[in-house]
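Below, subunit A partners subunit B and then partners subunit C, in two separate complexes.
And now, the complex of A and B:
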């Protein structure tokens, strides 16, 4: 069991929220989706693969079988799910430095939410409510989300370049090639196994290497 | 700012980069404590001569404090504090990184291959408990103070041992001290250079409680939304003060008296492969569309000769203009020209590449990538990753074509949270570049480039110009770690408590 797969970390946080205030959260979520500018901090933080907030009503948890006892919940719950590159500390820190007011807006109505600044109560709140990942499948464990985005961009551009430039004169071809390099100049980063996410990730890395060889 | 620091309680090396105060010579000593009681007596004796951060010879100050010919400072490893028999309740309050020490953090720091602990100077095979520094205005003062320390070691009756195992200029590997010195030009004048020829030591962070902030904060504090600069919170650099997250640093041990006005220091001896660097620069500049000096400036973010920021002087022609203005400027304006800049007009790195040392260690708001109002402030991702940099070059280059001489930098980083500040910069920004959208492309000068898979970086050009970016390939390892550890620099109050065996976490 680990929250870590290669360079990535999967985080689940589930926090109680008074069922009769969930509508305000849903309103914020709606507003944030409609007004993309509110999420630009989140999008600019390129270590984040994605982050998702979901409200689970108090009668909304799965009831798979009649033999499963019915729970009687006092609260609705907010599920926060995110995959990111880097360690837990690095991620939570970057989050609070960069978008503290955004975090406060989303978690504001959650029970005992301490606000994102100062940092330690927020750290404690997230860690206390975090459900550790039991199984984490990651298709590209050694790729950061930027690597995947860059690879896609380069692939698309190369295919296009190949079609458009194959019949050109050497001079024009060179000019096109230079232009291609210019367009892609922020996407040529190498991809290697480092850095390690935490010293406890050795075992995970070992298992990964066993699957490779 | 109204905050006043208790300068008589703070060790001087935290506030002052002694090299900038004409202390041209230094020795760094490492000691082992053999006996707690005698060790504490030794600490008490040294404490009488520890240099504080008090301002020297300030006009009107009473009593006037003379600038000493030599300074002395002291710090401890975790095992050192244990050997001094600090209470367990105090010891367990120290952070994990400090408890582990630098060698055990090698996988985070990228100290592998030639930088791996098994290749460090012999001194690091010893159990290092105490770090001491002597900085002096001349050799006589240095030796005098050094001899005084040796006397204290002898007087400890075996309580402490001065450890040997430093490499020296004449090929020694068993010296009892690490010598360091500013470098001199041909006329014998001191320079702010290091062995690769770069001008070093410009633009340390400025934080609340320092003096003359208004003049110094430009380009050195934190970048605010309106484009102004504000001093960083004191608690980024001194324990017991509020930090940028509006709390007291949680890396502080108990009790407060032990932690307050102290900080953590990362000591690293960095060997510079001068021959490899010179060959690499020559080779690379053959294909670079610009001068060799411009390429060297692209690596660092500053021009080698005078430290001109490349973002303000992006090519040879604009550098000549910048030099003219610099020559004509007065002292204060010169300082401003060296530090007061951002990358706001260089979002794409066409002037200062994303891989440049300067941009990597302090992005100055550029991690917003021009997306206005993305973060709380433009520098939100930078402000908690700043370090005070101290240190001096060591050794001399006798043959500029070789790597195996005795030459490098004694580098010291001061911060309250080694993991969040120094280690983050080293791991995420020097040896990795996801935050800069450059994948695993390491910083050219300090990156732990791998001989079997040499690194590369992309020097960006103006987007839409149709010009190709310049690729710097086959980057060898230019700097190698030769040793180091993590130390706690206590306040004067804490030194006295430690020496008296009176640390009380209740």
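And now, the complex of A and C:
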């Protein structure tokens, strides 16, 4: 139905890569998996829920039955899936600005990859190789990735505060309560279907309702 | 294994769709329409599949690239120079590729192990379609190659595993808690934010008394209730 589910956007990108150079990309990905500190740049992009890169060898497309024709491809293919908050432009641009070299490393040797800087050729490349999603499900459409992470911190702090402070004298309780609010102030926030993506989200819902009849 | 990040798992499935048609509509287009007509948010069948964080379905019709096709047999001069120069690399002209099958792509991010998750898909995936008919997971995969041989949960798990692709890198920018844990935490965040706003400037005794009532109401340790339901799209 759409690339959008609440505050999340589903991106699917498929790009060709010469089969004899895929080992270099796999090496970069392996290094990133073994040394999570290399993903520090990616972690600063706190708008991402989950993302993944999948390399399909040119003879690696699933073949299940003799009735299915075998693929005969010149290239291997790299699939990129991301679940992020915000608009398409915000996401692609933030990638470019936050981790341009990391991006170039991950897409190294992909056919016609223009590099992440300057922006316009990179936009064109992603847009051209992107596939739209038919059904996108998000377990928490009202929450951004930062909300999920903040909620985890609030829950832990709330349980600890309740255990340690709820039976103190009112004055001590209040002191601890203010400290709790102070510690958690960056994590509060009322979650609603709010701006930018949710305007699109509204249109998605409206369009979906029209297909019901 | 790159398909796991802590307790979070990335599942990537490409199931080939048969190359036939019913009437004038290809089986791939029928599958696409079924995916597009799946109910969204609270009504999505994926709300019933335990521990699904985010998941998607789409049809991979073909492969493509941003360029004009040309000869690229083995390698050419610009391939060699590309080791040294990106501008030379850009001059290498790609060849044209086409897929012989269209693929149903299912991509899911979930908490826990694959077998338990696929069992949940087989047993729990259900919804009422736009014509009022009750459907299960077989309706989506119906026109995929060799899926007509699948009759039970074990067969479904084996089938999906045959269509599964390993992720080279799985990045978890969120948490790897169970979905119940995530939803409960989101519920508490919402409720406690409202509590804090409503109690600004009140006396110590009043806040303490209301806080105890608040805790009794929200039950922070109880993951089952009260909490957010999967797919909840409005406050």
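Convention: the second predicted complex is superposed on the first by the 196 of 213 C-alpha atoms of A that agree within 3 Å, B and C clash if a C-alpha of one lies under 4 Å from a C-alpha of the other, contacts with A are read in each partner's own complex, and residues count from 1 in each chain.
Note that in this section a contact is a pair of C-beta atoms (placed from the backbone, for glycine too) under 8 Å apart; a residue touches a chain by one contact, two chains touch by 3 or more.
Fair warning: this is a prediction, and the values are worked out from it, not measured in the lab.
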| item | value |
| --- | --- |
| Superposed partners subunit B and subunit C on subunit A - clash or fit | fit |
| Touch count on subunit A, higher of subunit B and subunit C | C |
| Which superposed partner A:181 touches (first subunit B, second subunit C, both, neither) | both |
| Partner chain in contact with A:41 - subunit B first, subunit C second, else both or neither | first |
| Which superposed partner A:140 touches (first subunit B, second subunit C, both, neither) | second |
| First, second, both or neither for A:117, with subunit B first and subunit C second | first |
| First (subunit B), second (subunit C), both or neither touched by A:192 | both |
| Touching partner for A:150 - first (subunit B), second (subunit C), both, neither | both |
| Overlay on chain A, subunit C to subunit B nearest C-alpha distance, Å | 7 |
| Overlap of the subunit B and subunit C footprints on subunit A, listed as residue numbers | 43, 46-47, 147, 150, 177, 181, 187-192 |
| In the complex with subunit C, residue positions of subunit A that touch it | 1, 5-6, 8, 10, 12, 14-16, 25-26, 29-30, 32-33, 39, 42-43, 45-56, 60-65, 67-75, 77, 79, 81, 83, 106, 111-112, 114-115, 124-125, 128-129, 131-143, 145, 147-152, 154-155, 158-159, 162, 166, 170-171, 173-174, 177, 181, 187-193, 204-205, 208, 211-213 |
| Interfacial residue positions of subunit C with respect to subunit A in the complex | 2, 8, 10, 12, 14-16, 18-19, 32, 35-38, 40-41, 44, 46-47, 52-60, 63-67, 72, 86, 90, 92, 94-97, 99-101, 103, 105, 107, 109, 130, 145-146, 159, 162-163, 165-175, 177, 179, 181-186, 188-190, 192-194, 196, 203-205, 207-208, 211-212, 215, 220-221, 228, 230-235 |
| List of subunit B residues in touch with subunit A within their complex | 107-108, 110, 244-247, 250, 348-349, 354, 367-369, 371, 373-376, 380-381, 383-384, 419-420, 424, 427-428, 431-435, 437-441, 453, 455-456, 458, 460-461, 463-469, 471 |
| Residue ranges of subunit A touching subunit B (in the complex, touch as defined) | 37, 40-41, 43-44, 46-47, 85-86, 89-90, 93-94, 96-101, 117-120, 144, 146-147, 150, 175, 177-179, 181-183, 185-192, 194-196, 199 |
